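The following blocks contain the structures, represented as structure tokens.
The two complexes that follow have chain A in common; it is paired with chain B in the first and with chain C in the second.
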Partner chain A sequence: MRREDETDETSVFRRVVLKNASPYHYMKICLVLDDESTKLSAVDLKLFILTGLKNLFGEVGAAISFDLLKYDEDTLSGLLRVPSRSLVKLWSSLTLLGFYQNQACAFRVLQVSPYLLSLTGNSRELKLD
Partner chain B sequence: MTTDLDQNPRSLLVSERSSFRDLKNRISSQVEQLHLNYKVSLLLPEYSFDRSVPRTRIDEDNCVSLTPKGHLTLSLDKDSFEVLGVEGKPSRFNHRVKKRFVVSVDLTDSCMAPGGRGYLRLLAGLKSRLRLKMDFLLSHHPGGGASLQTLLSRHDWSEHRPEVSRHTLTHLSCPALLTSDLLSCDPHSFLEWLGAAHAHISCGNTSSSFLSSLVCPEPKTALSRALSVSVCGLLLPQDIHRLLQQIRVYLEESHLESWACLTVHGFVDSPVSWGANEHGVLRGGENFYSLLMFHDDVYYLHQATGAHDTCPP
Partner chain C sequence: MSVFMDLNLSFCADKSRLRSLIETAAHLGFSTVAVNYTFEPTAKKKQEIPAPMPITDLMDQLPVVQGRSRPIRVLNRLTVVMSDSSHFRPTAPEYRRFDLLAVQPTSEKLFHVACMTLDIDIICITVTEKLPFFFKRAPINGAVERGVMFEVSYAAAIRDATMRRYTIANATSLMETCKGKNVILSSAAEKPLELRGPYDITNLGLLFGLSDGDSKEAVSSTCRSAVLHAETRWTASGIIRTTKTCSVTPIQQEAPPEESDAPAAKKAKLEDE
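And now, the complex of A and B:
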């Protein structure tokens, strides 16, 4: 879905409008656990999410290749990258993940965007001194 | 059912290449049109450094913005809109049920002059019927503070300075063909790489890594160091113009094949983006542009908006 708006051979000007062309979506998530002292490594988190995908969507879900780009063990928050067409599947399985090792838990999806760049500039995180 | 699960709300990315030398370049007007800027991030290669908000959410609360051209936009929920009693239209971000309405008022219109018909009607709606109370973030031109004093004297206010943060990135892998005549990698992978650099995400993975397979677009080079600076606050287009000029001077003085990348994020909860067009959040509320500049005055501009926003200029 690519459209060349204007082309001018003599100048360097070129404008391309890309609609729904983003190959990936990015999610900023945070895991909330009942027992706040529970430690979770990056590998644990990824395995946990994979389990959720497999429980909800079976082998199709387990085959979704998402990435854990960044993870902070102290706040249990991280950035996920997922192919755009699998976003809804990943999001729904995160919503339905309610237990981690027999304790209640919930994933908070803080921001979702087709651009990783926009997750680095969220004005909702602005703190006035 | 499967097709439904695979679909996502619309996303729009406008990618433009032009030159500062091109007389018809529109960069000034484009910078001018995003009024409510929240954050500016700058990435400079081979450079290192030697020396309570209003909690308003546009998808939950009433939100108001006023642009320098005198365009007042109120994004209101259904109840507030009906109580206000001023003409408006349903938000583009409604889904099936019309729950949010947008009232746009041009304050420079003759009927909006103090004492005018429209003015009195809006004032009566806001003051006696709706009794809307809001926190505002204001910004003024250098030296323009005096005219604000009379307004501020009637309200509680506090002054905040923009927050500046700097990071020196070391051993950053970077797309090799960042040159003005050929940008080989496509806009999305370039923006992904840039986002990873600003978020301090490592691109040094292999395709078989378990946690992440994010890699820098090929072909790539390694930068021994780079500087990432960001400024947060309510930033005016004029501030960004000044910064642009300074970066151009820096690029002219520096060696060949140098570049700089400036990213400007708009407020997620701003009722307008790109001029006076309606903006909403839905999921990400993205409205940003990223300007990749080279020493020979050529630049690449990437403008992104989220679902339902109109196409950037």
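And now, the complex of A and C:
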């Protein structure tokens, strides 16, 4: 929902008002594996998350349409986009995933936000005095 | 908002593993953790109640909590697995060495006793098997009134699919009866990879049937209440605390305090009178 500021023609600013809750949530995640040399491609990761969803919520969970927007194979970290109403389901299935091919693993959810831009910085990594 | 706590890290004799457990908890953002010693008395022979390992033995310098620049606080906790009412000895001096006291009742009668009379801080809810009894409103209301917390731990749910079913089933049946009051969520983790971050647990609480607010409180302020409840247990009405002084030698006289502004003003006032 956006509205051009009609009263001031010269203004270059535009006010953006979101009347509805934002449609998507973005999650920055990192997979920690017991054996750090294991390689995981983006397809593997998505399949792994999907299996977790299906284990916890069945076919209804597997029908959640989430996307892996960005993935770094070296650090095993990536960005997920998920419809806001399915966030709790996806997140809880990530929390309860404990094993990847019989080795212990854990998903560290680093940041969650309804705006992709917010994931560029992390206030928790700031050094406080 | 109060800080995040995880009041159940399983103790293991392997020092390096316990150390990495505490380090991981600090990295995930927990400001306080409790190392849990489980004590399971059996009828056959008398067993020793474990003594807590001082944290200074474990690590010289406590790890810094992520985002807080403060070292983590480590408490000791004893969990007594009760299968008989004589297993919990309220006056045992061994219990005083622990910061937190918890019991895990195995039958409805013991659950009632734990809720209504025992002087404890936490009641553990079984998550590894089907609940052998139903939660009744009366003992749970009694426990809520006395400030005793109910604990649901989630590590078993990560380890095994069957346990996950029991965890969710037992947790939801607890939430139905206690309506989200006095519930804490903790890990009971044995390995660092079984720990989850505080916000993950908050989200997991929603799955267990907690509301948004109660879920967050289950890892923060309710835990704080449990710790404060434990601190007041050894005091008279939470006001007076008595300790034994070991030293026989008279306390060394402190050097006379230097005259600062405030005492001087006070002194002047006294002289006037």
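Methods note: the second predicted complex is superposed on the first by the 103 of 129 C-alpha atoms of A that agree within 3 Å, B and C clash if a C-alpha of one lies under 4 Å from a C-alpha of the other, contacts with A are read in each partner's own complex, and residues count from 1 in each chain.
By definition in this document, contacts are C-beta pairs under 8 Å (C-beta built on N, C-alpha and C of every residue); 3 or more make two chains touch, one makes a residue touch a chain.
Quantities reported herein were computed from a predicted structural model and do not represent experimental measurements.
Within the superposed three-chain model, A:Val112 lies in touch with chain B and with chain C [touch as defined at top].
Once chain A of one complex is fitted onto chain A of the other, the partner contacts of A:Leu68 are limited to chain B, with no touch recorded for chain C. In the superposition on chain A, contact of A:Arg124 is made with both chain B and chain C. With both structures placed on the common chain, the touch criterion links A:Ala104 to chain C but leaves chain B unconnected. In the superposition on chain A, A:Ser37 makes contact with neither chain B nor chain C.
Once chain A of one complex is fitted onto chain A of the other, the partner contacts of A:Asn55 are limited to chain C, with no touch recorded for chain B. In the superposition on chain A, contact is made by A:Leu96 with chain C only, not with chain B.
Between chain B and chain C, B contacts the larger number of chain A residues.
According to the touch criterion, the shared surface of chain A, contacted by chain B in one complex and chain C in the other, consists of residues 88, 112, 123-124, 126-129.
Those residues of chain A lying in contact with chain C across their complex are 32, 34, 55-56, 88, 91-92, 94-98, 104-106, 108-109, 112, 123-129. Chain B meets chain A in the complex at residues 4-8, 10-19, 22, 24-25, 38-39, 41, 52-53, 57, 158, 160-161, 163, 180, 187-188, 191-192, 194-196, 198-201, 210-214, 230, 232-233, 263, 265-269, 283-286, 288, 290, 298, 304, 306, 311. Taken together, the chain A residues at the contact with chain B in this complex read 11-26, 42-43, 46, 65, 67-71, 79, 81, 84-89, 111-124, 126-129.
Of all residues in chain C, only 28-29, 66-69, 154, 157-159, 161, 164, 191, 193-197, 199-201, 203-204, 206-207 touch chain A in the complex they form.
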